[in-house]
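Chains: A, B, C and D, in written order; residue numbering restarts at 1 for each.
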């Protein structure tokens, strides 16, 4: 049964999960953006040559 | 764009990009904070009273490290000649470089100071005061440090000479900064110490 | 305060009875020469004769032992040395002051914005720098770095060019282009003082620095 | 098989079909793990704070696993001149550092309700701090040296030296911990693991592992492309 009521510990559990989610999301976004940027740059150079 | 802003933008991109910028200073800061309990034991009863002081020592030493790059590198690759040919007088160039140093390295260190102090057992309630005093202190370190770096220019002794020249100049900011914490701890108002701390960045202009 | 478009703010440069020494060694003394807008001066002399020091003394980086360097717009209109250095002088030494980790575009843009106000496109065009712009300056050859510095002279126009062996690292093709750029600068009322080993092929006075010691 | 992948082209072709699978698995496991974490019963002793463990422990695992990946890649880069190994080591550094930092942050958030202090210099947390310092050292070294080839070689040596020193550091920190027994603190030997808590922990651990793999492979592929672009640009500049 889903228990979202952290009671007195809400001030610790949610920040812990929050920080983790944020940090991992940032890592993913950075990785995907870099991949796309260099892929486009490579295609442009290979295409353009 | 005014010449000053152009120079500030380049100095920030140099301090931030190449050499990892704050990564170096904060890495050193974290290492220092971690070594103290490893050396003196992790027992909060031992660390707690000196937590603020240790954070300040780490702040001073970390600020010291990045001073060598401030002028020495420009002197060696001829950039200083170019800066001297610019519209800004050299005093202004000095101020912009010290400011860039503070923004790129002093600020992250000042933010790290309360974290380190709390890790060493300081009461989280003091975090704002530690942050405030560290901000002022790192500004003082940046300007007095820049003075030392300028004096030691071209001496080929590099960091060590700057450290020896600058550390005595760091004593007032350290005393006022750590003192502000002590006064606050004992219930006195930290403001007089902070005011004196705020005065230290002006020392190079005397 | 913008630079007059013709960039010939300095009408006359006069060096009278200049004496300079490096450490204890006296380089030269009693050196006098005048230069008017549109004229070039080639400095010759053996290595260590003091050509570079003379250029740096004119730029105001070194305080001479005796004599003085004076800039004037016209008869009686003296220009302060600080103003001259801040607005009217370019010094191109062996060290180009380029930051290795930054790209050529960033460095050229900074140097141009710092020394004056002007777009870098015409200069990039004149010195064929387009393919180099994305490269970090430490990856450039000596010749390419020199062309990047010469581009600064074009992009941020200033009256007096102080050049320390400007053509040395360039190949034949770019030496011709650089000489042409100097020609255009003189035609526009600018002044050029260059320390050289082999003579410049453009009309100029010559001063043997060694002879004055 | 490992040497087969040495050739960048073959590596790119081999990993291309893998990418969607790995990313899908990572996201799926993360969702499942989160769901399990919040449907597990409260711990009788720690109540809800046990849910922090589901993000703290996997982060610490991955911080260590990433450094092992970094160290092994450095080994291949140094000893076998494996062209992709340097890209692999470089790609493992940032995610590893972030996982370790997460372990520290969540550890501190877990320590406050359980031990009453934001930070306790006990053996486990202190060795995670030292691991974080290893990452900072690695990234600082690689960032500080302009010339990429020199930076790669120096970083490979540091990565390998770090890997060798990790067990030594772990042992010394544990020994240090016995010296300075913080008597006043509740000696928490770590939560007693009931089955209901084990599954979310393992699923989250697997999810973090899969996420790291996805990030790592993506960053290596990006690094291969980045280097190709740089060589092309340098060649174009040659003619200038």
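To be clear about the criterion, a contact is a pair of C-beta atoms (placed from the backbone, for glycine too) under 8 Å apart; a residue touches a chain by one contact, two chains touch by 3 or more.
Composition by chain, UniProt nomenclature: A = Heme exporter protein D; B = Heme exporter protein B; D = Heme exporter protein C.
Bear in mind the structure is a predicted one, so any value in this text is a computation, not a measurement.
Averaging Cα coordinates per chain and for the whole protein, the chain whose average falls nearest the overall one is B. More C-beta pairs in contact connect the chains of A-D than those of the other pair, out of B-C and A-D.
One inter-chain figure worth recording: chain B (Heme exporter protein B) and chain C are separated by 38 Å, centre to centre, where each centre is the mean of the chain's CA atoms.
A straight line joining the Cα centres of chain A (Heme exporter protein D) and chain D (Heme exporter protein C) is 15 Å long.
One simple way to say how far apart two chains are is to compare their mean CA positions; for chain A (Heme exporter protein D) and chain B (Heme exporter protein B) this gives 33 Å. Those residues of chain D (Heme exporter protein C) in touch with two or more other chains are numbered 146, 233.
Counting only residues that touch two or more partner chains, chain A (Heme exporter protein D) has none. Taken residue by residue, chain C touches two or more other chains at 100-101, whereas all remaining positions touch fewer. Checking each pair of chains for touch leaves A-D, B-C, B-D, C-D.
Note for the complex: chain A (Heme exporter protein D) touches chain D (Heme exporter protein C) at residues 1-4, 6-10, 12-13, 15-17, 19-20, 23-24, 26-28, 30-32, 34-35, 38-39, 41-42, 45-46, 49. Those residues of chain C whose C-beta lies close enough to touch chain D (Heme exporter protein C) in the complex are 100-101, 128-132, 134-136, 138-140, 144.
Residue ranges on chain D (Heme exporter protein C) touching chain A (Heme exporter protein D), taken from their complex, read 30, 34, 38-39, 41-42, 47-49, 51-52, 55-56, 59, 94-95, 98, 101-102, 105-106, 109-110, 112-113, 211, 215, 218-219, 221-222, 225-226, 228-229, 232-233. Only residues 18-20, 23-24, 26-27, 30-31, 34, 37-38, 41-45, 47, 118-121, 124 of chain B (Heme exporter protein B) touch chain D (Heme exporter protein C) when the two sit together in their complex. Partner chain B (Heme exporter protein B) is touched in their complex by these residues of chain C: 59, 61, 82, 85-87, 89-91, 93-102, 106, 110-111, 113-115.
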